[in-house]
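Same chain, two partners: subunit A is paired with subunit B first, then with subunit C.
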Partner chain A sequence: MKPADQKDESPVYQRVVLKNASPYHYMKVCLVLENESTRLSAVELKQFIITGLKSLYGEVGAALNFDVLKYDADTLTAFLRVYSRGLVKLWSSLTLLGSYQNQACAFRVLQVSPFLLALTGNSRELQLD
Partner chain B sequence: MRPRLVSDVSSVGRYLLCEVIVSDRSRLLLLDDRAIAIAVKATVARIHGDYGAALCSVGFSVKYLNAHTGIVFLRMPKRCYKLLWSALPFITSIETRGEKIQCFLNCLHVGGTIRTCQKFLIRYNTQQLHRMLPKCKNEEEKQQVSQALLNCTLVGGTDEAFEDELRSEEDEEECLPNMP
Partner chain C sequence: MSVFMDLNLIYTGDRTGLRTLLETAAHLGFSTVAINYVFEPTSKKKQVKIVSSVCKHLCLYQGRSRPIRVLNRLTVVMSDSSHFRPNATEYRSFDLLAVQPTTEKLFHAACMLYDVDIICISVSEKLPFFFKRAPVNGAADRGVVFEVSYSAAIRDSTLRRYTIANAINLMESCKGRNVILSSAAEKALELRGPYDVTNLGLLFGLSDGDAKEAVCSTCRSVLLHAETRKTASGIIYTMRSCSDSAGQEGAPGDPEHGGSIIDSQTIKPSLASDD
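And now, the complex of A and B:
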């Protein structure tokens, strides 16, 4: 019999693969406008994205639930959350959204991840001092 | 029919058998297949946006319309028929010859070919006639309905023969003159 305090030394490896791990997908997007001094509120931004969904995917698309979790009005950067099944629709309608109140605009998608924690760091914007 | 190739992905289709239901049956006669196609495309564009309108423009068509009974065959590509099907309940009116006819589309059957839809339609009409038989008001109508029931077979495959059958089944209800 093994003494109770003797640990089993051989390493045990276990590989866990998660498919569809998270029900939501999180996106960090930035709106770039022709006239750089234009400001939008969070509500206006959400309404603008909904009009984009509506033009590309109709009433069904406009009914897609997504949330604006955080919004920085100075840099026009927002964190969006959408159900994983709606990610393709949301992303494609952001891509094709071209004009806001008669001025040219573009949505820059900076980060997409199924985990919110992953959006805190970005190796592109990493500052090494 | 030319043999279907493996690469012929979009030539496969789904045929939706729908019934146009209006409150006033005489308005049904104003319908034509172009009006129905326009109504369906407009509704799909409203419900599914540019994406739906693009899907509709390629494989969708109205294959057959019977203005007397309101039966219409819609042909859709196999890969997106469910999306287009989901927009059909949102059709509230069809505009034709300057008039708006309030109606809705009732989907009766989905088939892979027109022939299966035809077979279903024969069976469906037979069931409808069976249901109408007890409600007949006089002996003459009963005779007509029984005769139509006995005549219900799938004929050779020409459109005229098919039309003739549908017309004879509806005769006892509408008393329309026989058209050549």
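And now, the complex of A and C:
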């Protein structure tokens, strides 16, 4: 019970909007090749993505800085990091990449998030049995 | 509600390829796909036949309990106004009708007059005509959508330039509404996931919301438009019986009966027409 002389203060709410909370965006991608036994190293993968950027956006696109944080050579799955300004460019050039050394390929983008922690769980791969 | 649809998977005659294509589409998260039979009246080929036996054992798509829904679509590549015959009997077995005009006159006619669902924007050539606001707005009022296919951009760099150029031209005239994005994929590796296609929409000049709509809600409105086009003023409707191996239509419903046979493929006519 509050004392009678204490004024009732209405609760003060404050809305915090985070614009561009994270400077980077993280992507989990998987490369699917026509010939499934082909293997790439991390350097070759980065080079391949840079050629994709270059063919779609030219030299300015190829200068976009991105990092391959982790790469699994057996499943050809990689974690990429790019500045948020360059996300659309990188993502669209991954989508339109069609061939690796004369064999058909496809980049499957599995997860995209501004926070790296969000890439640890993927509800699409949940097995509900 | 976001059900993603890819309404353009080219039929090439290869059964196993088609099966892998459908499985990949289901894995990627598309709830509905349409197998596109491209018909060019100038070539000497006879009328196309639908593959109906693919409808068994369809795989479940991501996280849902129902299998992927496969529709049939016909695309008529028109270079002359006699190529598209409205109310032709062969068109009845297809769920979706599309037209690909090659001249400005045909484009205008297709937007304003023809009874189709989709107008395809060709990607293999630089369009010989510009889009005018009048036919584009007329098509939007009638519920006809424009379609841009992206798999040519994956295959070849010249086609990539044409695709992007034609798409940007279209978006300027139609202001981003009534557009669908679809692959014209022949192989499973040419398909891209729905969010990848949404991102490509940003590249073509759509806004964020319009790009997502181009993959989900505009596609759904195309399906509804196709169903109402087939129901002939909402009274008589035809059903496709999956048990029939040739995939032929069942008998048209009786107008007095009005809705006695309910199938999951048909919609019950909710209002009778005024005439």
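Quick note on the criterion: the second predicted complex is superposed on the first by the 111 of 129 C-alpha atoms of A that agree within 3 Å, B and C clash if a C-alpha of one lies under 4 Å from a C-alpha of the other, contacts with A are read in each partner's own complex, and residues count from 1 in each chain.
Basically, a residue touches a chain if its C-beta (ideal position, glycine included) is under 8 Å from a C-beta of that chain, and two chains touch if they have at least 3 such contacts.
Please read all numbers here as calculations on a predicted model, not as lab measurements.
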- Message: Both complexes share subunit A, so when I overlay them there, do subunit B and subunit C fit or clash?
- Response: fit
- Message: Let me test your reading of the model: by the given contact rule, A:41 touches which partner, first (subunit B), second (subunit C), both or neither?
- Response: neither
- Message: Per the contact definition in the header, classify A:55: touching subunit B only (first), subunit C only (second), both, or neither.
- Response: both
- Message: So in the superposed three-chain picture, is A:88 touching just subunit B, just subunit C, both, or none of them (first/second/both/neither)?
- Response: second
- Query: Which partner does A:101 contact after superposing on A: first (subunit B), second (subunit C), both, neither?
  - Reply: neither
- Item | subunit A residues touched by each partner, larger count belonging to subunit B or subunit C | C
- Query: Upon superposition of the two complexes, what minimum C-alpha distance (Å) separates subunit B from subunit C?
  - Reply: 6
- Query: Considering each complex separately, which residues of subunit A are in contact with subunit B in the first and with subunit C in the second?
  - Reply: 55-56
- Item | subunit A to subunit B touching residues, read off their complex | 53-61
- If you look only at subunit C, which of its residues touch subunit A in the complex? 28-29, 62-63, 150, 153-155, 157, 160, 187, 189-193, 195-197, 199-200, 202-203
- Query: Tell me, which parts of subunit B touch subunit A in their complex?
  - Reply: 44-52, 86
- For subunit A, which residues are in contact with subunit C within the complex? 32, 34, 55-56, 88, 91-92, 94-98, 104-106, 108-109, 112, 123-124, 126
